[in-house]
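Below are structures written as structure tokens.
Both complexes below contain chain A, partnered by chain B and then by chain C.
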Partner chain A sequence: MRFDYDAGSGCFAMTGEFTFADHPIFQGVLTQIGDGRDRSIVFDVSGLSFIDSAGLGMLILAREEARKLGSTIRLRGPRGQVKRILAVTKFDALFPVEA
Partner chain B sequence: MSCTVARQRCGARSGCDMFWFRKKNDAPPPEPMLPATAAPAALSPPPVEAPSAPQVDLLRQWMSLAELQQRVIHTLAAEVAHTSAFVETEADSLSQRFRALADGAQEQTDRVDTLTSLAVGIDVDGKVVTVDEIARLLEDTLDDVVAKILLLSKESMSMVYALDALNGNVRRVEACLEQIDTINRVTQMVAINARIEAERAGQAGATFRVVADEMNQLSKSIRSVAMSMRDELMAICGSIERGHVTLKQVATVDMSSNIMVRERLDTLLPALVRRNDDIRSVIAEAAGGAGSISADVSGMITGIQFQDRTKQRLEHVVDTLNVVCEAFRDVMGSTRAAAPELAAAREPDVTWVKNLLSRFTMSEMRERFVAHVLDGEPVEWPEDSGTAEADDGGSMELF
Partner chain C sequence: MPVARAEQAGCARWDGMSELSLAEALRPPAVFCAEAGAGGKVPAPRRNAGHSLGLVVTARSAFMYPIAKVFVAALAQRLPLCPGQKDQIHIALHEAVGNAVLHGNLGVGSDPFDSPAGLAAMRHMIDSRLASDCLGLSGIRLDAGWTATFLTIAVRDSGRGFQPTHDQRPSGETSCSGRGLFILHALCDRVRHFASGTGVMLAFVL
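Here is the complex of A and B:
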């Protein structure tokens, strides 16, 4: 998976498949969130084709990290398997999900 | 009610039979009613002029026709009586069958009622759990499972990051031990140099010699502690590494497919509930239909029981025909007594009879008419005549 961070909008664009193997690179995202510079963070998941349960766990960790600092995370543009699994797990109760 | 057709031969009167309906233990039929004009006393006219030949021939023709009419009426009365008995027997049989049908319909209604209660839900320990409740229970359970999978995934990843952080700490401790080793090597070098200088100073360097020895001992102690710390640290590293591997195995178990089962069940459970509702609806319709059939069959049984009134009407018809037949016979007898020359009646008008019989479409009825009307034989039916059933394998002539 690839992360592209836009400092201006506080948007992380995610591309590819988000699995356990991506946890080292996601550590950088957590660090970035922990800096507290972005109050409104967006995970653009429209480029994600697959997410596993470890990926869901990392998203929840990011949410908790942001909440410690009073920041919010929104998910944008889920589709395919990602959209279905977010619906089944009722992620919309944890994150605002934008179409 | 059973009924038989009884036959009575009318003695000397023209060799014909009287037919009437008789129930068991019924009294014999009433005496036929005769017209007042048939009394022999009325046929004692004053002497009149002898009839002409054409008049005699015409009178004989009337006598012949009266004879035929008498036989025809007699045969018709027998047919009506026999048919009425047949209808009554069949009505009894039909009534019994409809009663059996009504019993079967009632049993079917009871079974449908049982099916209705079964369709509502499942009996668990004496309590009915509806399909809706089962679906809700499954949904709640699956929601709980999904929530726990998410919690497990989050905690696993949290632990992975904690172990990563611990691993970093251990690496930094290792770096510290490297620095301690370096410092220790310098300290040891200093101790050696101090000992050399102490030996070179002779007696004056005795104090330096003691310090140098203590520094040397201290360096050895530090090196020993450092080696112990390194051994412990290596053990910790090994444990962290094994824990990381184990955690990775747990965290990489992808449970997204299990989560997606929830999506599948989200489709299946409402479909299951809908199907159960459909089944209940169909069963309710079936119950209504079964009840309607029971009511219809009961109505049919009641309708069949009105056959008694039909039988009574036919009794009147037969009785009337017998009276008419008897009147013909008496008038003919009176005529013969008054005009013996007419006793030699004309031959029956066979052509007229054949034309009449050609209107009959049932051969066995036609045969009875031929036997009785033309041949003067008594009316007879085979033992199973009129009561043979089509489903017994016998053929039935309809038209």
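Here is the complex of A and C:
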């Protein structure tokens, strides 16, 4: 998985496959989240082609870290396998999801 | 050619160097493939001809490469799978292989990583165990068999096994871990644990 962060809009644009092997990369996302308070953060997952249970767990971890700082996270643009796994695990009830 | 193709019909060896070389090794008419150096308690797959495909890889390679994706692509070269089925089987097999590597061969506990520090500690533990030849080279075995209407894939690890619970849901809706088995049960038509939890059989109606 790779991500580009736009500090102005608070948007993380994620691309590739997001799996357990991406722990080190995701630490960078957590660091960016920890740098601000009371923000509206977007995870643009439209460029993700695959996510596994560990990737979902890291999304939850990011949500909890954001919540401690008064920030919120919403998901944008899930497609294909990512959209399917979000529905199977009912993640669409845990995160606001934009088309 | 980067892959040492079988000197014996249907048997192939994978050099462990890349996703592409694994795809090449699994190309028909291969019936089974073993990664060079894979060891541990996992025996070689059955070499029965016909509607089957077997693979043995090291824990290190199973963590590093998208083994499930390549294996399902190889199955799709042998039996008709629609894109939805390929996705379904790929997701489920990916979770099964991930469980086999982390909780089986590497013996990583299923405690949730509930903080950035916990995530980093878990990653450190995984890296150090993968670096050990004893665990990193231990084997993961996949055996697929199919008929016109049914596909089964068994995933075996070299670990100590575990006792699956009846409730495979995550421990809490906001838990950071524990969704792997839930996903398996949601996407497979049948899931059966065997060999004291060192094996899991995934079944799909085609």
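A few remarks follow.
By definition in this document, the second predicted complex is superposed on the first by the 97 of 99 C-alpha atoms of A that agree within 3 Å, B and C clash if a C-alpha of one lies under 4 Å from a C-alpha of the other, contacts with A are read in each partner's own complex, and residues count from 1 in each chain.
The criterion applied here is as follows: a residue touches a chain if its C-beta (ideal position, glycine included) is under 8 Å from a C-beta of that chain, and two chains touch if they have at least 3 such contacts.
Please read these numbers as outputs of a predicted model, since none were measured by experiment.
When the two structures are aligned on the shared chain, A:65 is found in touch with chain C, with no touch to chain B.
Annotation for chain A, partner touching more residues between chain B and chain C: C.
By the touch criterion defined above, A:80 lies against chain C but remains apart from chain B after alignment on the C-alpha atoms of chain A. Once the two complexes are overlaid on the shared chain, A:40 sits clear of chain B and of chain C alike. In the superposition on chain A, contact of A:9 is made with neither chain B nor chain C.
In the overlay built on the shared chain, the residue A:17 is in contact with chain C alone; chain B does not reach it. Overlap of the chain B and chain C interfaces on chain A comprises residues 19-21, 23-24, 27, 30, 52-54, 56-58, 60-61, 64, 81, 84-85, 88-90. Looking at the complex, you find that chain A touches chain C at residues 17, 19-21, 23-24, 26-27, 30, 50, 52-54, 56-58, 60-61, 63-65, 80-81, 84-85, 88-90, 93-94. Of all residues in chain C, only 63-64, 66, 69, 87, 90-91, 94-95, 98, 102, 112-116, 119-120, 122-123, 173-180, 182-183, 186-187 touch chain A in the complex they form.
Those residues of chain B that touch chain A in the complex are listed here as 143, 146, 149-150, 152-158, 160-161, 164, 248, 251-256, 259-260, 262-263, 266. Within the complex formed with chain B, the residues of chain A that make contact are 19-21, 23-24, 27, 30, 51-54, 56-58, 60-61, 64, 81, 84-85, 87-90.
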